[in-house]
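Okay, so subunit A shows up in both of these, paired with subunit B first and subunit C after.
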Partner chain A sequence: MTASILGRHPVGLLLSAPYAVYIAAVFAYPLGMAVWISFHDYIFTAPGVSVPRPFVGTDNYTTALADPAVRQSFVNILIFLVINVPLTVVLSLLLATALNAAIPFRTFFRVGFYVPYVTASVAVVGVWLFLFSSDGLVNQVLGDLAPDPSWLINEKWAMPSIALFVTWKQLGFFILLYLAALQNVPSELYESAAVDGAGRWRSFRAVTIPGVRPATTLVTLLAIITGANLFTEPYLLTNGGGPSGRSASPVLLMYQRGIEQQHPDVAAAIGVLLVAGVLLLAGAQRLLERSRE
Partner chain B sequence: MKARIPLAGAAVLPLILTITGCSAGDDTAATGDATARGAIDVWFSNNAQEVAWGRQVVQAWNAAHPDEQVTAQQIPAGQTSEAVISASIIAGNAPCLIYNTSPAAVPAFQAQGGLVPLDDFADGTSYVTARSGELGAQYKSPNGKIYQLPWKSNPVMLFYNKTAFAKAGISTTAPPLATYTDFLATAQKVVSSGAARYAIFPSPSSQFFQSWFDFYPMFVAESGRQLVVDAKATFDSDAGRAVAGLWRQLYAQNLAGKEAYTGDAFADGTAAMASVGPWAVTAYQDKVEWGVTAVPTRTGSAENQSTFSDAKDVALYTACTNRGTAWDFLKFSTSSEQDGELLAMTGQMPLRQDLVREYPAYFAANPQYKVFAAKAAHVIDVPNTPASVEVWQTFRDAWTNSVIFGKEDPDKALADAAATIDDLVHRSRR
Partner chain C sequence: MTRGRSWWRTIALTLGAIVFLFPFYYMIVGSLQATPDTSLSGALPRPDNLSLDNYREINAAIGLWRSLLNSVIVTAGVVVGTLVFGVLAGYALAQLRYRGRGTLFAAMLLLQVIPFQLLVIPLYVQVVRGYGLADSYLGMILPFVINSVAVFVFRQFFLQLPVELFEAARLDGASEIRVLRSVALPLVRPALLTATLLTFIGPWNEFLWPFLITKETGMQPLAVALANYMSTVASAASNPYGAILAGACVLAAPAVLLFIAFQRHFVSSDLGSGVKG
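Moving on, here comes the complex of A and B:
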């Protein structure tokens, strides 16, 4: 009986307990709390201060969805994901493949791509401003072709500019994932492809892409999740989600509503909607993967 | 794996909410004894000069009060000081006193039950009134209580770069900046001459408090009123529309910067003017040859013209147990002697009556601060209104959309924002 409850290796439970506790404390409980708060009229208070926190049904969701700024932020994040996720997958796979080959200065390039990832956004934002401001390097190169208003204060270009910045900044991490995956692709497959007359591009399509498919699933999922959590870049690059809220993200609004304006209930509702959206995207991606398999 | 990872998408807020979840049900009483004595903790801002002032005031107190020792530290790092203070209120570990409490955050801290009304002390009201006089009245909360001691102001004035003005052929001793017409013409001259990339470059960010350094000083100077008076927005008025109109022209003619800027545009010469307080005197002294004048008004500056105070206050927090000591230390640190030290060490104006008469030696030795001391008698702060931050964010969103980016008629944007704010304040007061 005990064995059937604890399984064949009870020590496994003991070993996995710390992680289970971590997940419960850091993810499950806060998420449950956020869902609870999103259905109540809730404010933060000092210990011992008793305030009524009545159940308000879906009022907080109605308030959130009736706010044009919130709706705009979800559209913005969708635009961001549409640009960032495919770009991340394609560029990181191509670059990882290149860096996996015997090219000169390979270690230098690997480090070079990884450095932006481990550098704080606050620090690298200065570089991006230098490149994309009105008088920046990019506009000087483009001359008359430069957009007016400039990239970061242009309603159409602000979010794509942020998507490009985040793609560049995080590329190193995703390249690393693909590099690890590429080590598991048997070299015999490339040799067989070569014997069959496949060129580099054909080998890449027929061997590399299918060989790293699990990594592609992971990269896509992580890119969606980190993208949905976008905060620092619109906060710093586009003056807090400007121009006119065209680069505001849901998490930026959660910060404004929940922390600055003391409406954690509405902020929690935005957060729950964001989680639901991410789950939907992750589910859709999983279905797509299955249909391919 | 896949089921788990998406949960991270909600990690930002729930992690913060966890603190609340843990503390909301805590039975620790938020009440305290106004006469209790013993050791206390205080927080100062991370401004180097204020830290030095704080260190000496704590040393002076501790030497005389061995049984009531004060431990001081800088406010822990965070997104903003207000976010850190709010988190400490919720967690129940706020210090007794914070010498960097923003008046705009006081309504929220009060609603959280985080602040002790100074009226709780027998001499609380009389002390605030005696020290700050009429200036202190604006810091009273709508319920009639005083939750913050008006500590120091930074009267916002217009700094100009004399080198850039000279290059543009503008007088450096009496530059034409008094009226909106003068100001605009001077701004155009500065930029068209190539003396500076921009005439002025306040942060165009959407952060709620940025309006304190572009719109608000001019609005206060023009109208002599706070943003909200008697629960009604005041900026949908001739004064508000005039200020918005001036700034719209500055942005439309690219005389003011619209992009994020990582440095200090005035210090590095990118902008020829800046609206700042006396803290800037030491900050710019080795970088810019500067002059200072009052912010412009439609008809030209008058002697008693108001400006935004940009004040920071001291509040006593409910997590404090030894409130008797905290109150005594607060009075000690805002005494005439310590206010004099603050003035000498930071150049910021203690919010007390008649500064020039109180500290004649200082102003004789430092005449460049005299103009700020004169203005300090006419400062107007942010309104002490419920939903204060939301009010400012509503205004800021309307401002950035219409005035900075020109996506909407500024007059209509101000009218819509005023209606939203009226409704917001009305709902919050219920």
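Moving on, here comes the complex of A and C:
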């Protein structure tokens, strides 16, 4: 077999070409363009019309950061992540551990847990609006304990409510990831822990948690990325990030500034800042992992 | 082992199941209420308060059939694109050695961490302003046409198959295209269903992108039509929650039923490769 300059199987280039083109056109090019737009004075034009788009340095970033609504949205998403990420990790590991045994109705539980994950946000938002409205079922159950104004129109509770909603919605997927990771924890470790007289809680802490650490890293990272992408929930659940912008997310601001108010350059700057923030968090998480090892 | 060992399991799982499934039960009950009843007893269906009026109302307001058809067309486009091009790419990435393979695989992993929302503005400029694809199926399909997670599933699947299988066919003088058609494709069938399930929920549930590029109501997928109804029209309806919940049931049903019917093909072992890899 002759190894050509294109490799042993040049046909591979042909077979993966559509996917490579797709990545280039839908990810690489827009990614570069997003950064480019964020450093230029950019306005929408009709196809074929060319207008000057001068380089403006960091003007768009200054505009974005000087906007109190944008600053608020970054604070909001931090509040969201602080609630959502730990809750997601703890609950999904707990439920995956509970599922990881020969128990009756195992399939029912497994499927039941990921039903919210496979359902459209738009659909489940509908029922949460109904459940958490001022005289909705949740407040009826809580009686005098219900917050006033109600959850989704309360400045303090709007963002935590959204964080809870997203935790609930995504948990099934993360349970599946942990279930897969639990299969890789050698059962001998549990046996020797039991021989050493470790109780169930001790062996969970000493065997399970270290055993699924790679999965925890992945779950944390994916939860952060999902959180950074938050849009549908503040748009629909709290009626456009209300009350008074307390549940607005950076992506919602991108939509409002970029599409509604026709400032794509400022919107692109918000997007770049958002991704920089995500990368920073992901990097911090890696450092934390390393220092633990 | 000791009895009573699993009491905490049962409690955790049952509580979980109630929290996860009650909203869906309540969605159905609420969609059938003639007048909204948010009291505790309203959680149980009352025969004298049952009607299908909400379904009629939402159908009249947003045209359920038309928007369902739009959802089906967009989803089908993405699923077909993913199955055709995804299998090819997955096979090449797993079984073939060629220049650029490592780069492509690295790019594929890297794009998992790019929030799609960052790309929304440039994609909007490209697709709507550049190609003039607003209010078109192609415009809605394009950004999702090959699902990378499905490519990953295909790659993992082909990796598990022994290389010798393909080498033997090549030694017998089969061309690469022949190897793909007669050896790889017949073997990949079990992975097709998993990939279809994974791919389906993306475009079916997607809201932001089709919402941005469709202004014409006749082109909107159900998720967009329902969301617009929720944020604008609903306040004028006699039983807004009922109509919203009826629309929500119609939007949720296909995905939920598919995943219940084919649950065996969506288990952790399929995703496990993702954790290990």
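By our rule, the second predicted complex is superposed on the first by the 268 of 293 C-alpha atoms of A that agree within 3 Å, B and C clash if a C-alpha of one lies under 4 Å from a C-alpha of the other, contacts with A are read in each partner's own complex, and residues count from 1 in each chain.
Rule of thumb we're sticking to: contacts are C-beta pairs under 8 Å (C-beta built on N, C-alpha and C of every residue); 3 or more make two chains touch, one makes a residue touch a chain.
Predicted model only: the values in this text are computed from it and were never measured.
Student: When the two structures are superposed on subunit A, do subunit B and subunit C clash or fit side by side?
Tutor: After superposition on subunit A, which the two structures share, subunit B runs into subunit C.
Student: Contacts for A:Val195 in the overlay, against subunit B (first) and subunit C (second): which applies, first, second, both or neither?
Tutor: A:Val195 sits against neither subunit B nor subunit C.
Student: Could you say whether A:Ile43 touches subunit B, subunit C, both of them, or neither, answering first, second, both or neither?
Tutor: Only subunit B; A:Ile43 stays clear of subunit C.
Student: Can A:Ala181 be said to touch subunit B (first), subunit C (second), both, or neither?
Tutor: Touch status of A:Ala181: second partner only.
Student: Is A:Pro214 touching the first partner subunit B, the second partner subunit C, both, or neither of them?
Tutor: Once the two structures are laid over each other on A, A:Pro214 reaches subunit C alone.
Student: Tell me which of subunit B and subunit C touches more residues of subunit A.
Tutor: Subunit A has more residues touched by C than by the other partner.
Student: Based on the superposed arrangement, let me know which partner A:Tyr114 touches: subunit B (first), subunit C (second), both, or neither?
Tutor: second
Student: Looking at A:Gly12 after the superposition, I want to know if it touches subunit B, subunit C, both of them or none. Which is it: first, second, both, neither?
Tutor: second
Student: Determine, under the contact definition given at the top, whether A:Ala268 touches first (subunit B), second (subunit C), both, or neither.
Tutor: both
Student: With the two structures laid over each other on chain A, which partner does A:Ala66 touch: subunit B (first), subunit C (second), both, or neither?
Tutor: neither
Student: Under the stated touch criterion, which partner chain does A:Gly241 make contact with: subunit B (first), subunit C (second), both, or neither?
Tutor: Touch partner of A:Gly241: subunit B, not subunit C.
Student: Kindly point out the stretch of subunit C, out of 27-35, 63-71 or 117-125, that overlaps with subunit B after superposition on chain A.
Tutor: Looking at 27-35, 63-71 or 117-125, the stretch of subunit C that collides with subunit B is 117-125.
Student: Share the list of subunit A residues that count as touching for subunit B in one structure and for subunit C in the other.
Tutor: Shared contact residues on subunit A (touching subunit B in one complex, subunit C in the other): 23, 26-31, 33-34, 37, 44-47, 125-126, 129, 133, 135, 221, 225, 228-229, 231, 236, 239-240, 251, 254-255, 258-259, 264, 267-268, 271-272, 274-275, 278-279, 282.
Student: Looking at the complex, which residues from subunit C come into contact with subunit A?
Tutor: Against subunit A, the touching part of subunit C is residues 5-6, 8-10, 12-13, 16-17, 19-21, 23-24, 26-27, 30, 36, 38-40, 42-43, 85-86, 88-89, 91-93, 96-101, 104, 107-108, 111, 113-126, 129-132, 142-143, 145-146, 151, 176-177, 180, 201, 204-205, 207-208, 212, 223-224, 226-227, 230-231, 241, 244-245, 247-249, 251-252, 255-256, 258-260, 263, 266-269, 271-272, 274-276.
Student: Can you list the subunit A residues touching subunit B in their complex?
Tutor: Residues in contact with subunit B: 23, 26-31, 33-34, 37, 43-49, 51, 69, 125-126, 129, 133-135, 149-150, 152-153, 155, 221-222, 225, 228-229, 231, 236-245, 248, 251, 254-256, 258-264, 267-268, 271-272, 274-275, 278-279, 282, 286.
Student: In the complex formed with subunit C, which residues of subunit A make contact?
Tutor: Per the stated touch rule, the residues are 5-13, 15-16, 18-20, 22-23, 26-31, 33-34, 37, 44-47, 94-95, 98-99, 101, 103, 107-116, 118-131, 133, 135-137, 140-141, 168, 171-172, 176-177, 179-181, 183-184, 200, 214-215, 218, 221, 225, 228-229, 231-232, 235-236, 239-240, 251, 254-255, 258-259, 264, 267-268, 271-272, 274-275, 278-279, 282.
Student: Sort out for me which residues of subunit B touch subunit A in the complex.
Tutor: 2, 4-18, 20-21, 23-24, 26-31, 79-80, 82-83, 86, 89-92, 94, 108, 111-114, 197, 203-208, 258-262, 318-319, 387, 389-390, 393, 397, 400-401, 404-405, 407
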